[in-house]
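In what follows, subunit A forms one complex with subunit B and a second complex with subunit C.
The block that comes next holds the complex of A and B.
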């Protein structure tokens, strides 16, 4: 078995040597540990005992353009001592790496960010430091952060993607190393804009928050009704001013890694902070600058009282199909979207009730009146035809 | 009601090219026609720009890459034509209150007991159980449409106002408004499509459309057929065509 591994290793080395001259030299330069030797093969991977596929392929040219492009593999995968190596542990994002943080002169680490995050509603530990219930449901770093490719912009007014050569040339006036200047430019302009579009942001958050079972485990209601709000209509049309989850849950002055439960005074959606959040006077988006306390109250993702005009039939049929197949219980969705009764104030409850009643009143009115009209006109059609046949008219 | 004479040509007969004189009546005067043009044009644009908010996502790719621009213009046009619609309501209200013709229009439009009787008699007629009722200037169908139009217009204007200036009102008013605004829009659009489009476009004898909304004219035999009571009154009051000078 061992000799076989050696032969395989030799073969890999030989193939690598043969391919080496074809590889761009500047890409090879960063990979001083030579991990690329194996990991550049796109088929590299395995299927583990549980049948899960693992892909170990690293596209070096893409990795170079990513936010971690300057970090060597061993900085994060620090326990690897030799190769071919065996199973590696999951990367701990709090690892201190050898990059120097220019602001402090010390080695860089994400530990401070993780400390803050652990205190938020998404953190795995409670105030006493004990592991929360169902901690495995909570999003760890890599749930939201894949190692992104830099998305530089060419300016502030027109945020076209790319590197503005004019600006880069200004850097290169003093800094001779172009690769360094380019990375710094990327790093800086990547941060100038929200790199996820509002749509992607909503998709990311609802990937957990629309999961009925998962939300039920944490005593939360699903946020599916966000898609009924006018906020979502704006996002659907790509309006840059339309708010996504972060716009309200972590506006200016708050931090997306420190989202707090809504009853916490530090939360942007706490009752006392809502006016400021809706007004969003410091933000880049224009929201509701003259918001009043009475405007900024009530549920923004309310229980499902809106009907889809064009999607109604499709949604209904889909639901019916699922119910007949036994994949879903009747009214399951509606129930999941209703906040628990004890969570509602009497005012919220009666307001919801009024809205529901108006919805059903209108549905009956529309159904009844339009059916009456259709019937009336059909009768009129046949009467008119009779009349014309008899020659009484025209 | 004024009587006028127009020249018509009868196609396919021996004297096809000699104009014939036919009597007609003005059913919609110039004010009513302008009001109708304003209301239908703004209604169509408001319905389209309004229901665009409800479009499923798959439809939106047809707007690419102009989605954002489309969304901006959608909102702007909706507001502009909402104002046109509201101004038109005011115009109609002033017309009804302050002009002689308008007051007459309003009085003939008021619902009365006869309309209920007409409805049942008409139902019987449809089912071949009775005679066709004799309608006056406006029949119960027209009155129903007119007054539901007024009610719907007021509801949708008020809720639209709350939506436009949402920040100054409680969130509950906003929730209520967005629900009622949508529902009322669905109701109004479908009612127009079923009730009005049939009556003036699809009805046998009317297809492709009745011309009253364009020139305001209704021919004598049409008036006699559709509004016999009014025809009798008008006939008794007005001079005949032979008595008015050539136009």
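The block that comes next holds the complex of A and C.
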């Protein structure tokens, strides 16, 4: 009887091993370590000593559908060997994982991408490989990237979301493993999408580039005035073709992870490359095909006086808050808030004066035109009534 | 209809229409004036001082390269509705001391009333437990949701009275408002007074997650399988028996492959 039990036990183990995911790594669920046991709770988290909140929640079913859905937790969180997970380091995206890169047949890693990024203006190291000053200000991988859920498309023309079975069937004609084919389909078509909308892209970039203190540490001026430009107006009103930061800083032929300083000849916005960047002739859409060198010299991030105007607007918002809170009366100290003329160069002063005059001219013109139009319509209405009365038409 | 009456009706309609037109024009002129000449209608950015402090809420900012790589759904944005006064002061992530279990304790704040653990019945006393809706306060008979996100909490009650009411709420609110003005001794005294009804020895993990559980999972509506799971949570045993628990590697494919 005992030997029968042993045989049964052995059989169960053998059957278990036979169907165990280890025998088919591509079928393997991401969570073989059962991290989900704890991490499925959305409230799992804590406040650290510095007051920062850490959330450790992962929605496993959504994670499986994400771009990293086939990567086991421990392949990124390789430091975690024990519980509690103390002294863990941040995930190194250059880690080699079990996934095979179909283009090379080798194990996949983001190392190549990171190497390129490190050489860019956003990289933490200088040309000699030394850590840059204020490197902590520079965006690491997960500042810009979150783990996206696959958004496959059914067709190239409309890019409707979903999986086109007839296309997947074509893949399966040669590739026998459906899950692999599906993942590959998802991955490929997901990348046809622009990762984020132009608005979100601008929001992402300006989340650093509007930070005055941070920019000052790197000798840069804030780009907040992008919001005053025609390009931003296009984005704001939902023009799908309106350019965002990447459109100009990493157009076709450049790479978003290799953005260079503007005085570097490899930069898309280096003065020698600007005409080509503005024209964007190789892109899915051309922007300014007839761009000339003088056109390309225009300031996209208005500086100097316009920064003063932007700051003035911000002060205006601050005043608005104070007025709302009853700390300031409307129009109080308005004159004191004006930019000091002595801070401006004569050129900036006159440039600003002209801008103001143009602004007021158009405000008067639009207001006057519409008011006169309405007045004309009203008078016309009464005149018509009078004529009808006099003409005896009732 | 006599001609004069017809004329007066026409006049009335004409006058009303004229008045309507004038009003319409005035409204349009006002809108135009506002649009052209007033301060831009930009929503003032909330000042940091007015934002809810980080510890008080599970709410996180919308991911914007937000350092929340794994946030894939909206669950993390949900918060405890009608949070009790305890959470208003301590926040949902109030457990900080126990390195082994603090995150687990915090996770429970979303579906257990503080008093469920921090109120120990005296000898011979019997407390009952039920789910109460966070929003309405009504008894919840059937749970909707998963993994602790039910919009409801397990609350102790006795004699049809919920026991998660804070006895000195006014003092607590006062304390939160003026605590910066108190001396350390005053703070200690008031804190002591506020916590008088709270037991020094809370219900422990193993008292709930065991066969003879402090909470009756079946009565609380858990399925047989889930009740069974809850009565033998591995992490409780680990925390009890190990200082450090090294995760087994026998199912780690890379290790197996390496071997």
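General remarks:
We adopt the following convention: the second predicted complex is superposed on the first by the 260 of 394 C-alpha atoms of A that agree within 3 Å, B and C clash if a C-alpha of one lies under 4 Å from a C-alpha of the other, contacts with A are read in each partner's own complex, and residues count from 1 in each chain.
Keep in mind that, in the parts below, a contact is a pair of C-beta atoms (placed from the backbone, for glycine too) under 8 Å apart; a residue touches a chain by one contact, two chains touch by 3 or more.
A quick note: this is a predicted structure, and the numbers were derived from the prediction, not measured.
When the shared chain is aligned, no partner comes close enough to touch A:284: not subunit B, not subunit C.
For subunit A, the partner with contacts to more residues, out of subunit B and subunit C, is C.
Judged by the touch definition given at the top, the superposed model places A:236 against subunit B, while subunit C stays out of reach. Of the two partner chains, neither subunit B nor subunit C is touched by A:131. In the superposed pair of complexes, A:100 makes contact with neither subunit B nor subunit C.
With both structures placed on the common chain, the touch criterion links A:383 to subunit B but leaves subunit C unconnected.
In the superposition on chain A, no contact is made by A:357 with either subunit B or subunit C.
Once chain A of one complex is fitted onto chain A of the other, the partner contacts of A:298 are limited to subunit B, with no touch recorded for subunit C. In the superposition on chain A, A:374 makes contact with both subunit B and subunit C. In the superposition on chain A, A:366 makes contact with both subunit B and subunit C.
Comparing the two complexes, residues 363, 366, 370, 374, 381-382, 385, 394 of subunit A contact subunit B in one case and subunit C in the other. By the touch rule above, subunit A contacts subunit B in their complex via residues 230, 233-234, 236-240, 288-292, 294-298, 302, 305-311, 314, 351, 354-355, 358-359, 362-363, 365-366, 369-370, 373-374, 377, 379-386, 388, 393-394. Against subunit C, in their complex, subunit A makes its touches with residues 21-22, 25, 28, 32-33, 37-38, 40-47, 51-53, 55-59, 62-63, 66, 72, 74-75, 80-84, 86, 91, 98, 139, 142-147, 149, 200, 203-204, 207, 313, 316-317, 320-321, 324, 363, 366-367, 370-371, 374, 378, 381-382, 385, 394. Contact residues of subunit C toward subunit A in the complex are 6-7, 10, 14, 18, 21-22, 25, 28-29, 32-33, 36-37, 39-40, 42, 44-45, 47, 54-55, 58, 60, 63-73, 75-76, 78, 91-93, 95-96, 99-100, 102-104, 106-111, 147-149, 234-235, 238, 242, 244-247, 251-254, 256. Listing the residues of subunit B that touch subunit A in their complex gives 51, 53-57, 59-60, 63, 67-68, 70-72, 74, 123, 125-128, 166-172, 174-176, 178-180, 182-184, 186-187, 190-191, 194-195, 198-199, 203-205, 225.
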